[in-house]
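Both of the next two complexes hold subunit A, though its partner changes from subunit B to subunit C.
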Partner chain A sequence: MSNPFQTKQGWNQRKERLSFWSLRICTYIIIAAAIFIFSNIFMKGVPTFFKAEAPYINTEFFTESPQILSVWEDQDGQEYSMTKKNYEQWIVAHPEKEIIGLKNLTASGGGILGPLAGTFLLVVICMIIALFIGVSASIYLSEYCGKGKIMSMIRLSILNLAGVPSIVFALFGLGVFCWLAPVITDVPKDNAAFVCGWLWTDSYLSFQGWGTSLLAGSCTLAIMVLPVIITACEESLRAVPKGFREASYALGATQWQTIRKSVLPFAIPGVLTASVLGITRVAGETAPIMLTATMSEKSTLPWEQVEGPWSFLTQSVQALPFHIYTLAKFPDSEHVKPMQYGSIAAFLILVMGFALLSMMLRNRLRNKLKW
Partner chain B sequence: MKNKSDLAESDSTEEVSFKRKRGFRLMGLNLNADGAVKGFFGGNAYLAILFLLFICIFLFKSAIGFIPGYRTELAEARISGIEAANHINYQLVGYDALYTKINQAFINERRDRFGDLETVVPIYEELESIVDDKLEDEVDEYTELDDGDKKEASALALKESIKNASAKLSREALLKKIKARLPETDTISDEAYARALIYAEQYALNDYETPDEISRIPAMINEQMGGFYKAVEAIKHSDDDLRQIYASIEKKSQVTYRTISNNRKNQESIDELSKNIESLDTDPSNKRDSTRSAAMTKRIAELKPKIVDIDTAENIKFVYNEISKHDAAADKMISEFQVGVDLLAKAEVKTEKSEILIKESSRLFDELKEISNERKSLLAEWNHEKPVTLWNSVTAFFFGADWKTGSDRQNLYGLMPLFTGSLLISLVAMLFAVPLAIGAAIYVNQFATKREAGFLKPGIEFIQAIPSVVLGLFGVLVVAGLLQGLSECGWLSWVPGFPIQDRLNVLLAGILLAFMACPTIFTLAEDALNNVPKAYTEASLAMGANKLQTALKIVVPASLSGIVAAIMLGFGRVIGETMVVLLVAGNKARIPDLSNGIGVIGESVHTMTGIIAQEYGEVEPGVLHWKALFMVGLVLFLISLSINSVCQRVIAKRSK
Partner chain C sequence: MNSKLIQLEDLGFSYDLGKTETIKGVTLDIPANQVTAFIGPSGCGKSTLLRCLNRMNDLIDTAKITRGTIKILGQDIHASDVDSIELRKHVGMVFQKYNPFPKSIYDNVAYGLRIQGEKNKSTLDEAVERSLRGSALWDEVKDRLKTSALGLSGGQQQRLCIARTIAVQPKVILMDEPCSALDPIATAKVEELITELRKEYTIVIVTHSMQQASRISDRTAFFYLGEVVEYNTTETIFQNPSQQQTEDYISGRFG
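On to the complex of A and B.
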């Protein structure tokens, strides 16, 4: 006997299958694109890290700073590419060769030590500032403040600021930290916004900014990541059950004792996740440091040639993301390819490492802390 | 906090007796340990809030000075006559666009009909120069011989050496040189090369006499192109008069403009400096201040001679004089162009591409006529003394069609090209990202098994961590080439905008940004789907609906507001993205030509974020350009803030 609903059922099933597969394909397109990008970058980038002879690791890439790469041909059509320093030695050694079509490519030779160190310093200083302010602010917001209308408005605006484009923060940092922040100096600049005498000394307190500097970049990044850290920390503090606090108060503990002994220990993993999340965001950001902290060419490492902490903080540094941006100016040159792919692979490994860490921490947290 | 106040209440009644009081109260502040800790945290919280508030204030403060500043510049441009020159320039720009189109059609048609013939001439000329340079002696030797066997043998040898010498010139080098003259040449065919070689040999054998065929080729080609050629010739010089008027106004008013604006800037800095001097201590015993004031006085003395007198009246008289000639010149351009267009309509066109170009150009010609009439009436009304209002400068910023900076000319700050560029890229990105991300969210939430979801979810969220600059460079190095290769495939030619002209374009930026937006949209949409109460699903399944029906008709509608919020937040992220668009959007500040329909995705554009990142280095704080960049930043800030606040409200409401 035939089922009168058979055809209709079949159609519905087919429709379901079709939709199922199209949705599934949507999902896997995204995953495939990600795999394509990762594999492409790693396959082309990882060979830069190694070399054919012992010690098999391209130490030059990790122990030198970016240098100008000279590319040229001799009269026989043989192509050469070396760092500029080597090039100068080479012409002395080979006076008989004719040099044709010499091109100097910025920051395309050498290694990535300078940018790596710069990125590291920027992230560390930024995280010190951001975590100090952010964690205390979130403790205050979640433990001391009520749930009043003003407080929820403040929370909402902090959340909104987390979505503001980084270039806007960059512009702000450029305006405030690079051009307006106060400096104590003997010779104030003409374009300082405001100058007054500094206490009883002969120097001035001049609002002329810190220039393109490590400190300006770190502060800009810190301000940018502050909303993210405050929101994430507050969330983890709020996740600690109310009963913990009530039990502590019932035993006669003061508020600070309660926070220190029965809230913070349980929120620490969450705060840690928030800070790793913050690092991931900060390390990957380009626009803010491009405007406030970096330069593409610098012969010295950040800790060389500094006279004291202030000059250390107000020097401009190289940074890996900006280094990569500089390399993007030579899309067609074969000789820059190892540097380009090597840099992005190294950068990707760095940032991905942090991202992976934050994800693992979060997962462990979810499984471990359940109440 | 509630608990605390409860405790405090109970404190105050009975347990007061054994409460240890440490610290003391000062002006309402409780300065014991607890109070200090609270003060410390509170101070940091208010510091953070103050900082975030300060951002808003600072952005507004820096940006808002732009409006009056731009007004001053516009007024200066008007009084010096640059505005009039700009009116004429708009017509010339329109003319150029049109002429390029027609010329392209002409070249295209010519190539179709005569193939490589026209490349023969430049190849020949290159070979000729080889003969002139390298084989001079041999040719001389040959011409000195008398007729006979010896001469014949020598001719053969000469031909051989010409061949050898020309073979040394690589085809690529030859192509490069020819490309400079005939930009659309892609290859050199063997046939054309062989032909040019024969002519070059003739040239040598005839004692440095250019063969007649060579001089005849261009003329012959043009003659055979007939009506088409005449049309192009008619159009070619129709703009001469107008261009001359433009150049003369431009030259004169440019000088005036620069002088006026330099005078103003110098005067401003002098005022600033004198104000600073006044604020300093005049007492000579204060060494610190007196050295500073001396330095500033010196600076004023340096600046003062830089302010020069200028007679704007004489300049403006000249401008009016030139303007009086404008109408005739513009009419002449239009009428001569009309002649050309009429000829064009009669000329026979064989290739499809040229036909399309000609059709487009006739549409553009109508536009040019309109532009010309419009500008004519604007110029007739133009008055250098008409005041520029604040409202004028506001509209000039928000609706201005040009963003031009960094040249000697008047800087133009029009937001439109940047805004449309950003919007276009974001829309293309959303077009790709929304179906993929929403589809993935529905799949992971509703259909995937627990194990599958277990790796899909973190996998997609992981993408979020890819730094944008890496994606940008990857786009430049890999995706740009792939996309261009794909767009040149024959079977994809139906896609509008294919094949893509610019290597860096809207489509490329859109694809990369879509990839960036996917995790954002996915995560938020998945959360929204997750928040739908389980009872809904269960009820639907109990009614006999299958999984698909439940997902699409129950779960998705129930979480629609959350999904929309996710899409909008994704949009907010995309429109604020900097590095990717800076690297792959092409950075040409012009309003995308929407008349091409969807084909506009093949164009290069500039964006609001890109312009800030590109031009921050050229500006000093306080100058108008600086304020203009802050203005763009403010627009971005307001856009993203409004998107965020709407979405956060929606999300907050849903999660309750």
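On to the complex of A and C.
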């Protein structure tokens, strides 16, 4: 009795196996790339967070801002590397030593508190602005306005905006927020584009821009992520079952009541997913903030020496991506490596932390609002 | 006037701005405190007509009343000074697929009152209890009012939707195949409830089940292709229909 289901060796079998393996290999290539990037960065970067003696954690790395690193040798060939400040004290304390081959390396000493705080603030303010505008716009787009020609043009332009290179957003931000945005001030600058009186007060409304500032950077980033957020929000609003809307209307709710009570709450998990996408995108952007918000060196932290919220928002900040960019200019210097890898590892952890946070929030909400 | 709570006169309705009519000149008088059933083959416009009665079709951009009038309590509901929001507070609706909000049982029932601005806790408590008792659900859920409505069984969820509707004390309750997603036992409970509700409310129900129509309704309208073929007391429709089409449909020889 022959087996009617016997495996046949033939082309189909071989093709089957070939496609299976090529698909599998392609997947493994991605995994390999991811493993390489993460393990390389974490293995070289994480040691910077710790040190050999108690308290084992390199507190300096997290509590100081980047400083100039001085590197030199003395006459006995002993190598030294310390921040410039410490170096200046050191020569006073050791007048007998001879300094050979002194090098000053920008931003390679100290820690990363300044850029860390700067990036954190940029991302948080950006997301507040982007979520507010994005959610409002997507509610309008998906709930209030119809399907006309103008609407599809608006949609198309939003989609196109998503494809604009970030340097273009950077220039836009520089032009609009840094140079042109309005401020209320008693003494308008000479180079303001336009100045007029402000209501009934003695102040002026001056279109002189916010300068290189936290606010300008956040706004630029916000505009950059808006398309992502609007598109994703619209989708999650659409995904709310029609039955909720109908039930709400049938109970005599107005459109706004319906949106606020029976649509928005159930769209929030989707909105949060969108903001994860947004956060991971903005946190890593370098070009926009380089032109609109950051300085590579700054001696004060964002919360030091500020008078009031406005001066807080219009100060320039340091930011991790830009800090990393500055460091990347010293290839293969043994003295810079800990800072380079440490910063990158901290940066990755920060971004993943943001994403994880919104993901946890989303899952919690989703469990509460499942339907 | 009470005998004609809802009056439709030569009503025409279109989903595409008048190009084709889905409802073609329907004239009907629906009496108060009775159950009126709409029956007819699929696609004949029963749901459409039902949704005209609380102006749910307003939500569709291209929907349009092409002719005729709908009067509820003697008032033309398309008059310029009629707010569809106010209308819907008086004409509630229960849907085919039970659709409680993913909120607590309490919040579901209180929804209608809350959007009307009712904040007083004891008023809400009272209304919730009254509505849940009214929909024969109170004993089953009184110990878990704060738990999610989605934890209830299908039949309970549909009765919760009815409770939600009667919480705002409408005059009319429109029901679009309220039992089609329920098993026979849950269906029997909802039917019992409908019979009970008739004392206080005017009910218009769409159903595909002939038995259901004959069990619970006082009057029945048979629709075909957007028109009323026959409208009479349920007894007459089922025992002595005047139109051949009606007889064919209810005896199952048709559509």
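One rule holds for everything that comes next: the second predicted complex is superposed on the first by the 315 of 371 C-alpha atoms of A that agree within 3 Å, B and C clash if a C-alpha of one lies under 4 Å from a C-alpha of the other, contacts with A are read in each partner's own complex, and residues count from 1 in each chain.
We adopt the following convention: a residue touches a chain if its C-beta (ideal position, glycine included) is under 8 Å from a C-beta of that chain, and two chains touch if they have at least 3 such contacts.
Computed from a predicted model, the values in this text were never measured in an experiment.
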In the overlay, answer first, second, both or neither for which of subunit B and subunit C A:Glu307 touches.
-> neither
Touched partner set for A:Glu96, first subunit B, second subunit C, both or neither = neither
Between subunit B (first) and subunit C (second), which, if any, makes contact with A:Phe244: first, second, both or neither?
-> second
Which holds for A:Thr254: it touches subunit B only (first), subunit C only (second), both, or neither?
-> both
When the two structures are overlaid on chain A, which partner does A:Asp76 contact: first (subunit B), second (subunit C), both, or neither?
-> neither
Answer with first, second, both or neither: which of subunit B and subunit C does A:Ser262 touch in the superposed model?
-> second
Subunit A: partner with more touched residues, subunit B or subunit C | B
First (subunit B), second (subunit C), both or neither: which does A:Gly197 touch?
-> first
Would you tell me the residues on subunit A in contact with subunit B in one complex that are also in contact with subunit C in the other?
-> 146, 245-246, 249, 254
Interface residues, subunit A side, partner subunit C - complex = 146-147, 241, 243-254, 257, 261-262, 266, 369-371
Which residues of subunit B touch subunit A in the complex?
-> 1-4, 7, 33-34, 37-38, 40-42, 44-45, 47-49, 51-52, 54-55, 58-59, 62, 273, 276, 287-289, 292, 296, 299, 435-437, 439-440, 442-444, 447-448, 456, 458-474, 476-478, 480, 515, 518, 522, 546-548, 552, 569, 572-573, 575-579, 582-583, 609, 612-613, 616, 620-622, 629-630, 633, 636-637, 640-641, 643-645, 648-649, 652
Subunit A touches which residues of subunit C in the complex?
-> 54, 56, 59, 61, 85-86, 88-89, 92-93, 95, 97, 99-102, 111-112, 115-116, 150, 161, 164-165, 168
Quick one: in the complex, what on subunit A touches subunit B?
-> 12-13, 15-16, 19-20, 22-24, 26-27, 29-31, 33-34, 37, 40-41, 132-134, 136-141, 143-146, 154, 156-172, 174-176, 179-180, 188, 190-191, 195, 197, 202, 204, 223, 226-227, 230, 242, 245-246, 249, 254-256, 280, 283-287, 290-291, 321, 324-325, 327-328, 331, 337, 340-341, 344, 347-348, 351-352, 354-356, 359
